[in-house]
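Here is the structure we will look at, set down as structure tokens.
Order of writing sets the chain letters: A, B, C and D. Residues in each chain are counted from 1.
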Amino acid sequence: MVNKTLATVTEAVAPVFDGATILLGGFGDPGLPGQILEALRLQGAKNLTVVHNGSGGGTHSLGGLIHDGKVKKLIASFPSNPGNQSFQERYLKGEVELELVPQGTLAERIRAAGSGLGGFFTPTGAGTDLAAGKESRVIDGREMIFERALHADFAFVRAYRGDRLGNLNYRMAMRNFNVPMCTAAKHVVAEVDELVPVGSIDPENVHTPGIFVDHVVQVARHPEYLKITTEGR
Amino acid sequence: MSLTRDGIAYRVACDLPEGSYVNLGIGIPTLVSGYIPAGKDVFFHSENGILGMGALAQPGHEDPDLINAGKQYVTLNPGASFFDHPTSFSMIRGGHINFAVLGALEVAANGDMANWRTPGEKVPGVGGAMDLAFGAKNVLVTMTHVTNKGKPKILNKCSLPLTAPHCVKRIYTDMAVVDVTPEGLVLREFAPGLDPQTVQSKTEAPLRVAADCKEMNVPPKFHAAQPTT
Amino acid sequence: MVNKTLATVTEAVAPVFDGATILLGGFGDPGLPGQILEALRLQGAKNLTVVHNGSGGGTHSLGGLIHDGKVKKLIASFPSNPGNQSFQERYLKGEVELELVPQGTLAERIRAAGSGLGGFFTPTGAGTDLAAGKESRVIDGREMIFERALHADFAFVRAYRGDRLGNLNYRMAMRNFNVPMCTAAKHVVAEVDELVPVGSIDPENVHTPGIFVDHVVQVARHPEYLKITTEGR
Amino acid sequence: MSLTRDGIAYRVACDLPEGSYVNLGIGIPTLVSGYIPAGKDVFFHSENGILGMGALAQPGHEDPDLINAGKQYVTLNPGASFFDHPTSFSMIRGGHINFAVLGALEVAANGDMANWRTPGEKVPGVGGAMDLAFGAKNVLVTMTHVTNKGKPKILNKCSLPLTAPHCVKRIYTDMAVVDVTPEGLVLREFAPGLDPQTVQSKTEAPLRVAADCKEMNVPPKFHAAQPTT
């Protein structure tokens, strides 16, 4: 019997190695694997490359990892939210590298990796500073730039419900980057609000089929992510 | 005279036709959804995976899993849907969003737009703005007509890094409604109490005055004595 | 009040013009818009380019259109099913052109069009006859070929439930090509089993959001598509 | 002696590990799912958008919306899911499918495989086979060892248009189990009553005989007196 469940988030992050590339799910709090992030912070791996839409909170979540100096490089679309002090301080000191990617291009590069594609041509960014050094061509009368697939060693996400086969269901705005991220890493772990028996998630409403997921761990949301707040993450 | 920030948003809302799919950027654009009359079907898209977003959530009624792209707690209208980021940006990049209403730092006479990086800003961030500027069928800009130092923001040429070239269709400011056309900028409307000459004096790029150019029809509560900042 | 519903499939196909490119949904019977197809056959437009996984039944469905000589070109992955006599007869006489595309590439080219991308690099087909004339390059150590986005004038699909805003929900294996096809055409019409009030489809279970759909028409399934059959379509 | 078609399928089923994600092509591969022991979690994928497919539907219990890629009516196992074609081929092309079991017309010593176009076939059709041959982590071929004219199908070089180069990992026939390795073909097993020399005599490409090469362990009901066609 296949059983992809783990008992603790500590096990979830155990295989993370120095220098690993990590896809970190969530947009704002929905879908952010807050407990895995705290476990990762304790786990100690360093020189990490993290792919995430933003740059995390002040000294918690991704901000905590950056604060601790574990992150070598961030690949993000919006790391400049005023609340992201940890990233911003280290970035301005040259202690963390940044690859800035438009949000849609970021999502699509991750999807391309998970889908076995090498890359794609997109209009977004053509003729701007973000096209610097990128191949471009005119397709159907429009200038487009080439963007490469973005693969990773690990993906960590949060879902609403999961089962022992790795099937995941998200709630409301939790899907965001998590759906493509689960497809694009060698090792994928989801923390979930609720672990449910196989068959409980309607086959029509499985947003991430189990084939993409290695492990599922049921854990209460990190208290930091239940706060109703207007602070940026 | 000029318009308040809400006045600018109100003026944009008047132009959004029934049935349109609209993405609102942060700042003044966020205010637009508050001025769609009840019963008019306008569908608001949030790039984090929501179509059919409603008003901001009332305090005490926030759902932690229901936020907009600006990380504000929101509500849903009937007929809404959720989806993932690739699908959300298929909507944007694929030209399915009819209107993107974006804030801007500068707009040039040829429709170039800059809104993602100021010279003093040390940490860059582009978010979904670039995909919206390239992908939405119509890009509408809302901004104050001049900077808080009084300098024009509608320029012959942008000085800041571009978000997208040739993307802006119409500019809404506290002083005017200006169209970007192949023949250059056209002044369509001026704020109550102003006149085309005054608007031109605050605009670096030359404005052609439309034959039917007129004073904006905006309720007095949105009028401001001072320029909006 | 937005109302995308149409009363008849005749209205659904009225705008189709000679020489149009049509994305035709369905894989086998699930998701095939059988009533729209019959209406299209009566409508009379000719020199059509049709994009569909197969080549239709004998003298009904897409097979009927081909039988009537309305189809100039077929873009398909599997037009060779023994049941597809109409296509096969005309193809062998040189009366209909064929562009053969691997199934995954076909789906991805349609998705690329709907997503505003110009094209992508895929490993599928590299080094085979289907790569002839196509640009290729090595990405991440693997040879890949460039495939272009596939745009269309019309898309016709069948869904299970739809509402007046164009939101669609599919049942079981109906989703197939229909989801990407709804994104990739200028004019999109879905026939549905049931037209439901706005709000009846759970926001988590809208498979095609209304933004992609121009019209919805409620119509019983074509009797041909309720037959339990093992014949290929 | 040789194996029946069901015997080939049975032999493949023995090799599929618990927890694997498997796509079955039409023909002999379809039979494989019938030989997975109860309680062993093997997940069957159908490229038209199903993961966790069960057995074929019983007559009278068919659901018109639930078919496999071969257009047969099927059932679902608990934990199944539905999705669209792009997602389905993300699974295939992205290397998430552990095993694709495909029929073939020819396999070459270097793992080249041809299964989509015979010389006499006038209408070509490729379907999902090419994506599977390029994308699945392991491509397993099931076929009869020789054509119905008695000609070998395991060749030095394919004569038919390739489905994919260098893709096949293991070949299961009515006569043998053969691995494709960087050093060429390796004979792992031969059908009951046969021997390596006999298998080689029906195989154009040279076979190295594995040190632990043995007779297949397949129940007698799957044994056939005549070669399978």
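In this section, a residue touches a chain if its C-beta (ideal position, glycine included) is under 8 Å from a C-beta of that chain, and two chains touch if they have at least 3 such contacts.
Here the structure is a predicted model, which means the values were calculated and not measured.
Engineer: Which other chains touch chain B while also touching chain C?
Structural biologist: Touching chain B as well as chain C, we find A.
Engineer: When I count C-beta pairs in contact, which pair ends up with more: A-B or A-D?
Structural biologist: Between the chain pairs A-B and A-D, A-B carries more contacts.
Engineer: Determine the centre-to-centre distance between chain C and chain D, using the mean Cα coordinates as centres, and give it in whole Å.
Structural biologist: For chain C versus chain D, the centre distance works out to 30 Å.
Engineer: Please tell me the distance, in whole Å, between the geometric centres of chain A and chain D computed from their C-alpha atoms.
Structural biologist: Comparing mean C-alpha positions, chain D is 36 Å from chain A.
Engineer: Roughly how far is chain B from chain D, going centre to centre by Cα mean, in whole Å?
Structural biologist: 57
Engineer: So which stretches of chain C touch two or more other chains?
Structural biologist: Touching at least two other chains: 108, 111, 115-117, 122-123, 170-172, 203-204.
Engineer: Counting only residues that touch at least two other chains, what does the list for chain D look like?
Structural biologist: 82-83, 86, 89, 92-93, 135
Engineer: Strictly by the criterion at the top, what is the full list of touching chain pairs?
Structural biologist: By the stated definition, chains touch in these pairs: A-B, A-C, A-D, B-C, C-D.
Engineer: Which of the residues in chain C come into contact with chain A in the complex?
Structural biologist: Result: residues 108, 112, 115-123, 137, 139-140, 142, 144, 148-149, 151, 169-172, 203-205 of chain C touch chain A.
Engineer: Could you list, by residue number, the parts of chain B that touch chain C in their complex?
Structural biologist: Listed in rising order, the residues are 18-19, 21, 39, 41, 43, 45, 51-52, 76, 78-83, 86-87, 89-97, 135.
Engineer: What part of chain A is in contact with chain D in the complex they form?
Structural biologist: 1-2, 111, 113-117, 163, 165, 167, 183-184, 198-199, 203-204, 206, 209-212
Engineer: Name, in rising order, each residue of chain A that touches chain B in their complex.
Structural biologist: 27-30, 77-81, 84, 87-88, 91-92, 98, 100-105, 107-108, 111, 122-130, 160, 170-180, 207, 225-226, 228, 230, 232-233
Engineer: Per the contact definition, I'd like the list of chain D residues that touch chain C in the complex.
Structural biologist: 46-50, 62-67, 69, 71-73, 82-86, 88-89, 92-93, 117, 121-128, 130-131, 134-135, 161-165
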